[in-house]
Amino acid sequence: MLSFENDYAEGAHPKVLQRLADTNLIQQPGYGEDEYSRSAKEKIRAACRCPAAEIFLLSGGTQANLTVISALLRPTEGVVSAATGHIACHEAGAIEASGHKVIPLPEYHGKIRAEDLASLLDDFYADPTHPHMVSPGMVYLSHPTEYGTLYTKAELAEIARVCGAYEIPLYLDGARLGYGLESPGADVTLPFLCEVCSAFTIGGTKVGALCGEAAVFPRGAPKGFFTHIKQRGALAAKGRLLGAQFDALFTDGLYFDISRHAIRMAEELKRGLQARGYRLFLDSPTNQQFVVLDMEEMAQLQKRVRFSYWGKLDENRAVVRFAVSWATAPEQIARLMEILDETKKARENA
Amino acid sequence: MLSFENDYAEGAHPKVLQRLADTNLIQQPGYGEDEYSRSAKEKIRAACRCPAAEIFLLSGGTQANLTVISALLRPTEGVVSAATGHIACHEAGAIEASGHKVIPLPEYHGKIRAEDLASLLDDFYADPTHPHMVSPGMVYLSHPTEYGTLYTKAELAEIARVCGAYEIPLYLDGARLGYGLESPGADVTLPFLCEVCSAFTIGGTKVGALCGEAAVFPRGAPKGFFTHIKQRGALAAKGRLLGAQFDALFTDGLYFDISRHAIRMAEELKRGLQARGYRLFLDSPTNQQFVVLDMEEMAQLQKRVRFSYWGKLDENRAVVRFAVSWATAPEQIARLMEILDETKKARENA
Amino acid sequence: MLSFENDYAEGAHPKVLQRLADTNLIQQPGYGEDEYSRSAKEKIRAACRCPAAEIFLLSGGTQANLTVISALLRPTEGVVSAATGHIACHEAGAIEASGHKVIPLPEYHGKIRAEDLASLLDDFYADPTHPHMVSPGMVYLSHPTEYGTLYTKAELAEIARVCGAYEIPLYLDGARLGYGLESPGADVTLPFLCEVCSAFTIGGTKVGALCGEAAVFPRGAPKGFFTHIKQRGALAAKGRLLGAQFDALFTDGLYFDISRHAIRMAEELKRGLQARGYRLFLDSPTNQQFVVLDMEEMAQLQKRVRFSYWGKLDENRAVVRFAVSWATAPEQIARLMEILDETKKARENA
Amino acid sequence: MLSFENDYAEGAHPKVLQRLADTNLIQQPGYGEDEYSRSAKEKIRAACRCPAAEIFLLSGGTQANLTVISALLRPTEGVVSAATGHIACHEAGAIEASGHKVIPLPEYHGKIRAEDLASLLDDFYADPTHPHMVSPGMVYLSHPTEYGTLYTKAELAEIARVCGAYEIPLYLDGARLGYGLESPGADVTLPFLCEVCSAFTIGGTKVGALCGEAAVFPRGAPKGFFTHIKQRGALAAKGRLLGAQFDALFTDGLYFDISRHAIRMAEELKRGLQARGYRLFLDSPTNQQFVVLDMEEMAQLQKRVRFSYWGKLDENRAVVRFAVSWATAPEQIARLMEILDETKKARENA
């Protein structure tokens, strides 16, 4: 069945897969010492214009979040996150299992605001009982957010300024970073992230790879981070699997090209939905589109196409998510539009 | 440079890679709900002759050990392991980071003995202060061990009997299981493991896959094990990556065929070494061979071929490891022998 | 300086101290095996009319919460609590440090509502992504709450009913339980708590003891709970210190008598405040009273009497807490009233 | 029954108890801000001749070990300890529950040796796979040890030198410190401990207090240590309980006087045992004496006096422990000798 359920429904971009095939039988050392990992890291450093960055290639998003966050916090510190942040919800308590509280901040379509962060920090240290509480030891945000929304440079700079004033690291979860960088109008770039973040990830799994997230530490990683990775079960024996994929993604701008393609598909999807009178739940500039459907229509559509149920809006309506990716073909968007039209017609005739 | 450094120096077996390519653009649900994972699990169940087995596909060995062990133990329990067990040494404290002690048992070339286990358990419960101590809550062993050695059916059955008497689970780490199953003279089989173990893994990473370990629970997994996997950062969004690989490995006996090939290569290596008068540190029936070299010869060889330094034997001699795998070609063994001969000649002429 | 800062400003009730003195040099076994602990537990069981209850004596409140909660939860479960619950705020992340999320519920002057709990549980299991999230594995509530408020029997029964429907334990933190049991109009009793709770504590530290909380498990404690206590550093070598105190507190109803005394003092305090026109922030039936003061008056009062700052109400006004206890003398209330009058007069003259 | 079972069979020294009574109803702030805690810390600093020391008063030994160790280690570090160290055995995995491995070192009647420590550290960093292993991040030792044995200044200085070379903290568990400081011939002093240790405890529970250990950080505590204490459930609301006791113990040298008394009692016990031909298992210069008894004699003695079974020596003989303390009276030693004589006579007549 046609699927817009998520942005990990296919395998890898053909060029990524080809790189795995081309290098397959060349002997390489393990644990990230292979030449592909080294090359990938060089290319990422170049794309970031940050020669001093330390980079580590990890398999998955929760794994990357868990490993980076637990390595950056002291035992009595917690991580501040939007209440809807991935670490606060859908990572099954991975952060808490490593001993740390996720401290929630109000969210605005998945985003946090510098003023809320400043209030939280100001209030915390103004409260005389604060030594009895978990201290906010770092800030987590996702970009794009879980709602597909994006921060501007100005917003991130302001959040980073608050973090700086309290000397706590800012960590950006870029599981879908490509789609954020290539969104029209987006002004955030890799070099800019190196300026404002203590750490961020460049997601591969949802942007053309079979698996893999690159964790970037522009000003160096915490002491012994390699051992942290091992301890968290996140060290791939065949680091080449991650190295070769990221090497391919950062050769000739593939990562950016395929992200741009996804954005074009998202725009086509959005136009098609709006032309048909569908209400968008929010204005997402990236590859995830949230649509309001009435319950009956949702039920009928579910028989012919896969998408994600996001929650109830009211008694009769639901919010659903359609995701596109580097792999989405224009034909798939067109087919979806046909299905929408046919479903509508069937309902009118009913 | 020619490498016998480990059994993960290459990518995947060509048929495994081909399966990834063949299925690459077919849309599939995430998180292990894809049809390849379902098919792989069916095939593994069939190979195990254990239709009730619950199976989960994880990316790596430390990850699998950490996830299974922390899900099986209660907070005040620890896991018994050979002092040389992988979890006791080279997993960077992953088990302790999940809150549990690794309780060491004497090892004999990497193996534990049922009588030592029985003593440990008997003594523990005979000690009136035992409620002040971590209780032995499960047993971990690796097969093949870190020294390439193997248990017999009788040995495993006896260990399982002791576990049963104390009602604690037996978990077998099969990171190199294929090489153990296909070693000539070995009597342990997958169905037998289903009888004696509460859980075991079938290693893919070192036996033909890019990554992946199948965790098998013959009598069912702990409650909520899927969530455990997520919490430990071990849930692949693109479960298809693991599913397609294991599906290929368990099609037409590929897993066993390539394991057998490695064993033949190991035997050729062993014969070649013995014919040249090298002393084996121990008699390994699997794909890892441990050889005694004098320090000078080791240094000269290291310039031309990669292998692992395992430790000092005495002032003048070291133990080194040569590993072969599914990917080792007869030509590589032949080339190694030439290098050994040339090095020897050069030393005699010196 | 006269202090209403908290309910632990003095040592122990004289009878409790006397018991320590009387038993001081009698040799006793350690770790809670002393005869005073045994006697105290018998008396608590009798007061609970629950002969099957298992009881453990621990030193402090955070320690008791941490030990009980981490023993009751599985690794992927969290504990539901009012957002203002002690474990959610002022225990420095003790629960998270043991690996578990505190799942917040709306609070109404410190209390949770059964309907909110039911919604949280219903919504959780209705959400198809719930296996990716921490599951609500138990419910925590405090009685009296951090705001001095109390549950009724009907309210607790309804919360227990929801817990029962989802088969999760209900745990009641009774750090100030005496003040809740003896509040006029309160209908909750120890036997009732044994009916509705899987576990609850009877606080000693704030109700007449130097230290000590009794953890009561009406239907038995989790397996190996003694070892849990030890692991959490909560096992007193001289268990007699806790035993003798609780034995004194549960002899001839001392625990209830001194709680009633505190309630009378609280009522006198409340009457005095209301007679002087002070606004109570909320209607607390127990030993903590929350008063609205304007900032200037607060500053002047702070020079002459200790109380707790609870937070800002608006630009000009703060909420402060006056706590009384078993140790509060009528003269102290009278003296406080004089200070209030003198401060008022001074302000009027200024 | 007469008991030599342990050194915590009685309550507190009468002067300690008196101090609690004298201060009982004086209002004090909580959480260690009381004047008794401040005074106690001043007196301990004076006894240590270390005005810069930061001192925290905790309730129990496991609690103190757990809190100090988890605050000093980074997540990938473990603590080196004698295999018989309290943290390695009888603390129920408290250290592992906080995420850290206890790395065992050979023990010699409970003591570790600087050369073994140096080897462990040298070998660790010489092993090229060390980034895959838990790094030795601090050293734990107990003084007196679990066997009553003592380090000399020279031995501790040498251990500290090795720690210094690897820049890892040395932590000394002084649960029975008084008995070590006052043993005749002992050259270790509090000021010396301040020189060589990063942290150490001064045990109260076994040396005259109802409960309480003072954690001393001669060169300052880890950042936020107060919050660590809270997080571990180790912060007493009524810090006065600990403060008043340590204040009494460090007034007019009480701590040292009562320790000396115990040592005299131990010497009398030892003389009495030796005069009667008993074999001491080892030569302990402190308050714990280990004696070899044949099984039958042990069984008969157990009917009349309490002592601890320490383990089997061979088929017919056991090692048992007789402990004395600040509370032991000469009459108790005399009575024990009578019982020994009577038991012997009865056996001879049988």
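Here the chain labels run A, B, C and D in written order, and each chain numbers its own residues starting at 1.
Keep in mind that, in the parts below, a residue touches a chain if its C-beta (ideal position, glycine included) is under 8 Å from a C-beta of that chain, and two chains touch if they have at least 3 such contacts.
Owing to the predicted nature of the structure, the values given are computational and were not obtained by experimental measurement.
*Asks:* A-D or A-B: which has the larger count of contacting C-beta pairs?
*Replies:* Between the two chain pairs, A-B has more contacting C-beta pairs.
*Asks:* Looking at C-alpha means, what's the farthest chain from chain A?
*Replies:* D
*Asks:* Mind checking the centre-to-centre distance between chain A and chain C? Centres are C-alpha means, answer in whole Å.
*Replies:* Computed from C-alpha means, the inter-chain centre distance equals 42 Å.
*Asks:* Find the geometric centre of each of chain A and chain B from their Cα atoms only, then give the gap between the two centres in Å, rounded to an integer.
*Replies:* Here the centre of chain B sits 33 Å away from the centre of chain A.
*Asks:* Please tell me the distance, in whole Å, between the geometric centres of chain A and chain D computed from their C-alpha atoms.
*Replies:* 51
*Asks:* For chain A, which residues are shared contacts with two or more other chains?
*Replies:* 75-76, 91-93, 97-99, 131-134, 227-228, 230-231, 235
*Asks:* Would you mind writing out the residues of chain D in touch with chain C in their complex?
*Replies:* 1-3, 5-6, 8-12, 14, 17, 20-21, 23-30, 59-67, 91-94, 97-98, 205-206, 210-211, 227-228, 230-238, 240-241, 306, 327
*Asks:* In the complex formed with chain D, which residues of chain B make contact?
*Replies:* Checking each residue of chain B against chain D gives 75-76, 78, 89-93, 96-102, 104, 128-129, 131-134, 309.
*Asks:* Chain C touches which residues of chain B in the complex?
*Replies:* Residue list for chain B touching chain C: 70-71, 74-76, 99, 131-135, 223-224, 226-228, 230-231, 235.
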